[in-house]
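Structures for review follow.
The two complexes that follow have subunit A in common; it is paired with subunit B in the first and with subunit C in the second.
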Partner chain A sequence: MIEATIGRDERFDPARTRGQGRADLFRSFRTAVALGWKMEANWTDPVLFFIYSVAKPLASALILVFMLQVIAGPAGQALRPFVIVGSALWSLVVSGIAGLAWAVLDDRERYRMLKYIYVSPSSFVVVLLGRGIARLAVGAMGAGITLAAGVLVLGVPFDPGAIDWPLLLAVLVLGLATISALGVVMAAICLQTRQDSWTYPEAVAGALFLVVGAVFPLSVLPDPLQLLGLLSPLTWWIAGIRQALFPGGPSSIGGTGSAWLRLSGEVNPNDLQIVLVLLATGAVVTLASAILFRVGEGRARDRGLIDRTTGS
Partner chain B sequence: MTAPGAGQPRPALAAPVLPAFVGRPTAGPREAASWTPRQVIANNLRSVVGRAYPRIRGLTREPSWVLFEMLLPFLTTSSFVFVYRALDAPQAYIGFVVLGGAMTAFWLNVVWMMAAQLYWEKDQGNLELYFAAPMNVMSVLFGMAVGGLVMSSTRAAVVLLVATVVYGVTFSVSQWGLLIAVFILTLAALYGFGMMLASLFLMWGREAWHMTQLMIEPVYFVSGLNFPVGRLGLLGAVAIALIPLAVGLDAMRQLAFASTGVTGTPEPWIETLILVAMTVIFVGLARILLHSMEERARREGRLTVRWR
Partner chain C sequence: MSGSIQAPAIDVRGITRVYKARPKDVIALAGIDLEVAPGEFFGLLGPNGAGKTTLIKILTTLLLPSAGTARIFGFDVARETKQIRRIMNMVAGGEQSGYGILEAREQLWMFSQFYGLGVREGWRRVDELIDAVGLGEQRNQRVSTLSTGQRQKMNFARGLLNDPWVFFLDEPTLGLDVSAARAVRELMVGWRAAVPGRTVLLTTHYMAEADELCERIAIVDRGRILAIGSPAELKRRVQRESIFRLELDRLTGGPASLARLPGVLSAVAATPVRADANSAARPTVAINLVLHQDSALAGVVAALDGLDAHIVALAKSEPSLEDVFVELVGRGFDDEGDPEQPPRRAVEPHEAGQPEPEEANR
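Take a look at the complex of A and B:
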């Protein structure tokens, strides 16, 4: 019997336990993205899904447009591009930050599959990233449609020929990587907390909303908050996209009375400065997120939080 | 070998005593199952307390709640304050934002922890226990509402107090009694609305998740969270007629910032009557819908069907 077993084991290649490196990672990622997309979108008809995806970002933008309208009246028209771009981009940030955290909560508290995913040979963080990408895609769709509604319905002046494509591409790539890194941090936090943390990602995004100049220039904030904003990669991402889509428009970072003006001596940051600072701050956030996720994952494993279910 | 006692006459059965179930000795299960109105009420009150308990006690067991549910939402509210500051808006509008920010605590609680709660409970396997337990399921909903009120009141109070101090909001209250009545009625209507939605969400299944998303920012917009709802025209009027957040917030703004002379919406006393009507209708509908859902779920055997 033992001999027979040994005979069968001779066909087993121990190298298989080490996996196939990047090919395995890519397969896990691709599967997680597909799963996330199916969980998000395959249960309803496209029209209903479209309404669900677009209503939230569009309503957020409309709240700000009405605030402008109430106070500034027709003069507020000039500020609409600023507000609509910031609001649309912010819906993408919220989706990106929430996607990974909700994947943890969904799989642990609702479907109770997190423990099986965790012990599978797939990389845990890669699976979560894949799930988060699906929600990010839904957020991107909402952001795109909000921008389109801003141009077509709300009269935002937009010239496609004026888009600074290299800048747009650079800040988009760097920004999306940073948003995913923030999502990883939220996933690490939600691994530690109870089911009630469904609203935590939005709370974090709401707090960041204050310091990134999404819908008002940083110069109206007190100096400490302005400095905090300048350290956030999201500030530079939003400023970069705004600059790429509406070259020469008002900047959220610089301007009279801004900390940027006092620090650099320039009224507004130029394209290169935006990309370089986004790269630097994004790299710091990404590195920190990797460390925080590792620490959070280790703590969750030690304390048995990966298969915990809670309620209130 | 025979079993001990085999073949001997069986002793006469004594009357069973079931004090554990009814709190009094009874002659049999039938009598034990027949409860007096007082016992029914006491049992349902215990159910309310039992359902509220994890929410209230849970506040002390999850310290992260203080940061994520109290401090960060204050920063979100601050963002809208700075939008108005950037526009040099009158100070009263800062007050509108602060009041709206405080009321969002209750709305989020209603959406996440009332409307969607029975759906979560079904996913977790608790729903069948609720329906099987000898109590009225409405008492579970009341318990959820009481616990949720405590949770969200703390958040609302922090946002209101801190923002009032930090941003120098000044209230000019004309009728304190009516303001307090409107606040209480707004909460009653909001939680009645949440109880009604709980049954509907149970029916909608997986769409419940997306409905929660649809009921946050879009409702904030049509309710005029950060600006007078009257500026929305017909849309605002429809919101005042249908959404307790819209009518309650507008009435409170009119009463708490009386000197601003915000107009375009009904007088506060009319809005108070609307809130009374909403409370009665929503709680009544919640009762009917819950009963209907229970019947349907029992008939179709869907109480234990999860993840759909």
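Take a look at the complex of A and C:
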């Protein structure tokens, strides 16, 4: 039976060591996305899927909205779009950052397949990105549902005709690329760590949550944290999405007493400034992620961590 | 470096691997030299912790060596990983690997894509291999529902997806029951026999498996290769005398009458195979005969006429690979021994016998 499956050439053909370049990359990426979708969107357990992908981000947003209601009273109504958008986008950020890292941990610890993927000719980072995209897509569903609930249930005023589509498209593309780059960084870290590093991505996301203006403006923070926030591409991404969906709404970056006002002399950043700063900070993060992944992968290979399982 | 058909399939020079650990570093490989010719079925035989898996990890690009070089068909395992990964594959035993939620066929197809096969070609190859490894009935079964043996067959099919030119098998029958292990061994033999140019590197601590499958074997212990050779060569290495088991219908004068013959070192009564009381066969006399060399047997046979004895059975007792290991290391496979103690007799690679050019091309 085996004889029928393979060629009959008896001499080594060096041509077999050559790949097909971009076609191989695309094929690997597409397959990894399909694999990730199968793994993440485990439709055989819709209850579990609903809890993690819909109920959790929705509940997080509702908690913030009700806290705002209690603290600010009727005045908090004006800030609802701010909180809903920030909270919804943040669940997407967490999914994106965690997606690649969890793909590493899943494949190494649970499925024991990471080494087989690693020794295949596919680009390792491209396969991980494919796996991460699937989780990002699941996160996007949660974010979409949270936004929809905000508009339909919580009465967030939303005018589809007012959407700034060019800005939305630009910041979406740049932001998702940046989130993926952050995911690559977390994957490089989780290649070095033990099984209990499942929580690392959420811990990192939690720390970033403080400084990116997701649910409150940066101006309430001390200056050093404001500056940290201004250096984070996530801050500009969230601000850009808010600006595109709710033009003229409150900004998380500028305002009275903000570091942005002192640095730029302008109350709020305009659309172009948002895109340019997002592009610049995102490029730095992407470049750094590529370097960190290369270093992390090399270190993991040097220390024998690619296939080292710690959970059993 | 570009690969060429003259390059050895596997060429390892001075490979050392040290794992950083507390209280002191662990030396997994202590300067291994090894050359495997294209088309060889080569075995690494050694107890757990000998360094076999570490060497396979280095050769499959999973792990970097601490020192030394290793090449697969001329490609450096540290730097030319893409080229190597296209022409090799690996299967490890003793693990429950696989994406449980996927069907066996789906999982294999995904790997066919990671190996650069086209969509249709991937499905065709997957279906062929599923049939080849005997998983036809389980092709649409979820991986999580497959037995250990079935998973290993699927793993084997995954390993063959890219028609590897060098196939690394790390304890592939570990944890399998007898019939599943036999099936996996048959797969190995059948696959390689189909294309003689393909190379297999098998690690195992099952001596019978190494003896049955491998053309050459390296005996490894504590990160060192102690001996390399064909199973027969390795056994000859420890066989200083010729040992025969002789069964006669009768023997006037008993074993002592044979012990006096030229070239006979000892002749000792042994238990006859057919000595049970219920046997209808005539009782026989069994003797363990130790000769200085094989040629002394002719004198023994000639002398039997004069002793009114006739041969019922005659067999040469071969030493096993375990005997070889014990001779080389001074302990059995299952004995931990003292890690500080050097092996009883370390055989230099050149002494152990690298393949001659004509042997390498067989």
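As a working rule, the second predicted complex is superposed on the first by the 285 of 312 C-alpha atoms of A that agree within 3 Å, B and C clash if a C-alpha of one lies under 4 Å from a C-alpha of the other, contacts with A are read in each partner's own complex, and residues count from 1 in each chain.
Everything that follows uses one rule, which is that a residue touches a chain if its C-beta (ideal position, glycine included) is under 8 Å from a C-beta of that chain, and two chains touch if they have at least 3 such contacts.
All of these numbers come straight from a predicted model, not from anything done at the bench.
In the superposition on chain A, A:Phe216 makes contact with subunit B only, while subunit C stays out of contact range. Contact with subunit B, but none with subunit C, is seen for A:Lys56 once the two complexes are overlaid on the shared chain.
In the superposed pair of complexes, A:Ala72 makes contact with subunit B only, with no contact to subunit C. In the overlay built on the shared chain, the residue A:Tyr111 is in contact with subunit B and with subunit C.
By the touch criterion stated above, A:Ser197 is placed in contact with subunit B alone, subunit C being left untouched. In the superposition on the C-alpha atoms of chain A, the part of subunit A touched by subunit B in one complex and by subunit C in the other spans residues 44, 111. Subunit B meets subunit A in the complex at residues 54-55, 58, 62, 64-65, 68-69, 71-73, 75-76, 78-80, 82-89, 93, 108, 112-113, 120-121, 123-124, 126, 147, 206-207, 210, 213-214, 216-218, 220-221, 225-228, 231-232, 307.
Within the complex formed with subunit A, the subunit C residues making contact are 2-5, 9, 19-20, 38-39, 54, 57, 60-64, 73, 75, 82-90, 92, 95-102, 106, 110-111, 113-116, 125, 128-129, 131-132, 134, 158, 160, 162-163, 165, 187, 190-191, 194-197. Contact residues of subunit A toward subunit C in the complex are 1-12, 14, 16-20, 24, 27-28, 30-31, 34-35, 38-39, 42, 44, 111-113, 115-122, 127, 298, 301-304, 306-307. Put simply, subunit A touches subunit B in their complex at residues 43-44, 48, 51-52, 55-57, 59-60, 62-64, 66-72, 76, 109-111, 189, 192-200, 203-204, 206-207, 209-210, 215-217, 220-221, 309, 311-312.
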